[in-house]
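The same subunit A turns up in both complexes below, where it pairs with subunit B and then with subunit C.
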Partner chain A sequence: MSIKTEDHNVWHDPNTSTVFFRGFLRLDGMEEYQPVMELLLSAIGQSPILTLNLRELEFLNSSGISMLSMFVVKVREKGSVQMVLQGSNKVLWQTKSLKNLQRLMPSLKLEFT
Partner chain B sequence: MDSQPESQLLKEIERLHQEAEALKRENSDLRIALLTTAEHGDLIESELHDTNQQLQVEVTERKRAETMLQTLLNILYKERSDLEIIVHTLMEHGDSVDMQWCDKLLEASDLARLDGLTQIANRRSFDEYLDQQWQQMARDQLPLSIVLCDVDYFKQFNDTHGHSAGDVCLQRIAQIISSALKRPSDMVARYGGEEFVVILPHTDIKGAIVVAELIQAEIQQLQILHGHSSVSQYVTVSIGIASTQPIFSGSPKDLLDEADKLLYIAKQQGRNRIMADVEAIY
Partner chain C sequence: MTENSMIQTFGEYTDKVSSSPEYLTLNFSPGSAPRQRRWKNYGLSADFLGDYFASFFPGDDVSDDQEISQRDTVKGTVSYIANELLENAVKYSDEAASLPISISLHLYSQEIVFHATNYANRSMVDRYQAFIQELITSDIDELYTQQLEKTAMGTGNSHMGLLTMINDYSARFGWKFQTLEKSQVPEKSQDIIQVNVLVHLDV
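== the complex of A and B ==
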């Protein structure tokens, strides 16, 4: 399963239970993020462990971070999923926002390179 | 004798009889009172029991409602705390994304303005600045000078020391010219391969010659070994200076052409020298 445009690419690799994000995610509003949310929900439906690799996601707009926040809350409520967020120290927004997501779900693991 | 005790006895019997009647009545009254009290007690007890049961039900009900409210409160509290974190996340995210765009914008505008190798202004920003200063000096009726510098025998320098040494040489010359300029309105730009150009607003030919001599002296002091120059063992520059009083109907291109012509003469006359049209009229 993948969502690909000129600006961005989001795809799920079931073998590694990883959802990869790449490029510039600048969709307009929560409605446009619904397919991404569905891809993520389907990924946690398939495995109790999920990794989100955001290292090559250079930009994520406010609707995007809201969607990600809500997904983290859903994962926390589900209770049975272990989640890892992989970020890059070179991408400024990741160094700030991913730590805040961990406040929503303290068991969330962050891996920065 | 006998009748007196008999009557006394009869009286006594009568009195006892009355006493017995009174006791009977009293007994009956007490029984009634006891029964009434017992019934009353039972009634009160039964009422208390009912009230107690009702209270128990009420207490249980209230406890359940309280637990429900507490659960609801906990959910609301958790949701509020989630929302607070999300708002905070959004705010910080917005700020960092803004900052990221801003950095990109500055980087892009630097790329558009600066020469990649020497990090001084490029030809494009030189052209813009020259046009701008031409207009400004025409308005203020002040002179404008151009100093055009070309590194002597640069091709030979590159052939001898290699292109990366050539790049370093250009970087050092760019830096030294930059630091020789004292006024904020002065500007140095990379004009071509090994050519540098300086714009000196509010500066006449004499002032421009002073700046050119300073640039020449500072480059000599760098003592960059050349090896294949016929004028010096070190890297030198030839300089052409043109100066004018800009007018709105004129073009800065003429001033540049003049500087270029004088630079050419400096080269022709043996390099490592400054040529200026000292008779330039303002």
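== the complex of A and C ==
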């Protein structure tokens, strides 16, 4: 399953239970994030462990952060899922905002490289 | 209505944004382009502002414990804040008024000041001001967690744009709401209010 536009790519690799994000995501409100949300929900339906690799996602607007927080709560509600967020120390928004998602789910693992 | 009662300010607002040696203003006319295309232009403009203002800062000062140069920090911060200000300006624009959105950036030795302007109707302004009141009377850390949880549960408007700018990027806000004279507004029954947002960012 994948989403590809001229600005961004989001795809799920079932072999590594990883969803990769690349490019610039600044969609107009939560409704436009629905396809990304559906991809994430489908990924979490397939494996009890999930990694979101955000290292090549250069830009995410606040609606996108809201979408991620919504997904984190869905994972939290499932109870049995382990989730890892992989970020980059070189991408400013990730160093600023990703850690705040742990407020919703303290067991969420963050890996920065 | 007296002149004064038509103006309301909140937070760190001053009309005396002195002109700085370096500033840029972008105006977006309401036009007839579909929203999707205009939305893309706002994103491109935010990136442009980030690149432009970053060029005034050194890009080679990365120390061992710091992965991002000052130039890239300015670039990332300016493009995030400019994009969120433009998105908010669109969300709170009364399209029927057919008035432009604008954003200016001023560079000073110690700070960057953003000034965004748009035109909203009364009900939009009431909703916006209700949240501003909450912002200025709350502990920002608590409000952030509370709103993040609220948006994650899908209950109501989260205002995560404002909250991330303040909490994650240490942006300081000021607002001015000014009701336009009837003569300034196209034929319309509803009040139109000019919304001015100032954002101070230490550099």
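As a convention for this text, the second predicted complex is superposed on the first by the 113 of 113 C-alpha atoms of A that agree within 3 Å, B and C clash if a C-alpha of one lies under 4 Å from a C-alpha of the other, contacts with A are read in each partner's own complex, and residues count from 1 in each chain.
Convention: contacts are C-beta pairs under 8 Å (C-beta built on N, C-alpha and C of every residue); 3 or more make two chains touch, one makes a residue touch a chain.
Worth saying up front: this structure is predicted, and the values here are computed from it rather than measured.
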{"item": "Superposition on subunit A - do subunit B and subunit C clash or fit", "value": "clash"}
{"item": "Which superposed partner A:103 touches (first subunit B, second subunit C, both, neither)", "value": "both"}
{"item": "Touched partner set for A:28, first subunit B, second subunit C, both or neither", "value": "second"}
{"item": "First (subunit B), second (subunit C), both or neither touched by A:59", "value": "both"}
{"item": "Which superposed partner A:84 touches (first subunit B, second subunit C, both, neither)", "value": "neither"}
{"item": "Overlap of the subunit B and subunit C footprints on subunit A, listed as residue numbers", "value": "59, 61-62, 65-66, 69-70, 73, 91-93, 95-97, 100, 103-104"}
{"item": "Subunit C partner contacts - residues on subunit A that touch it in the complex", "value": "24, 26, 28, 59, 61-63, 65-66, 69-70, 72-73, 89-93, 95-97, 100, 103-104"}
{"item": "Complex interface listing, subunit A residues touching subunit B", "value": "58-62, 65-66, 69-70, 73, 91-93, 95-97, 100-101, 103-104"}
{"item": "Subunit B residues touching subunit A - in the complex, by the definition given at the top", "value": "82, 85-86, 88-90, 92-97, 99-100, 103"}
{"item": "Residues of subunit C touching subunit A in the complex", "value": "35-36, 39, 43, 47, 67-68, 72-73, 75-77, 79-80, 83-84, 87, 144-145, 148-149, 151-154, 158, 160-161, 164, 167-169"}
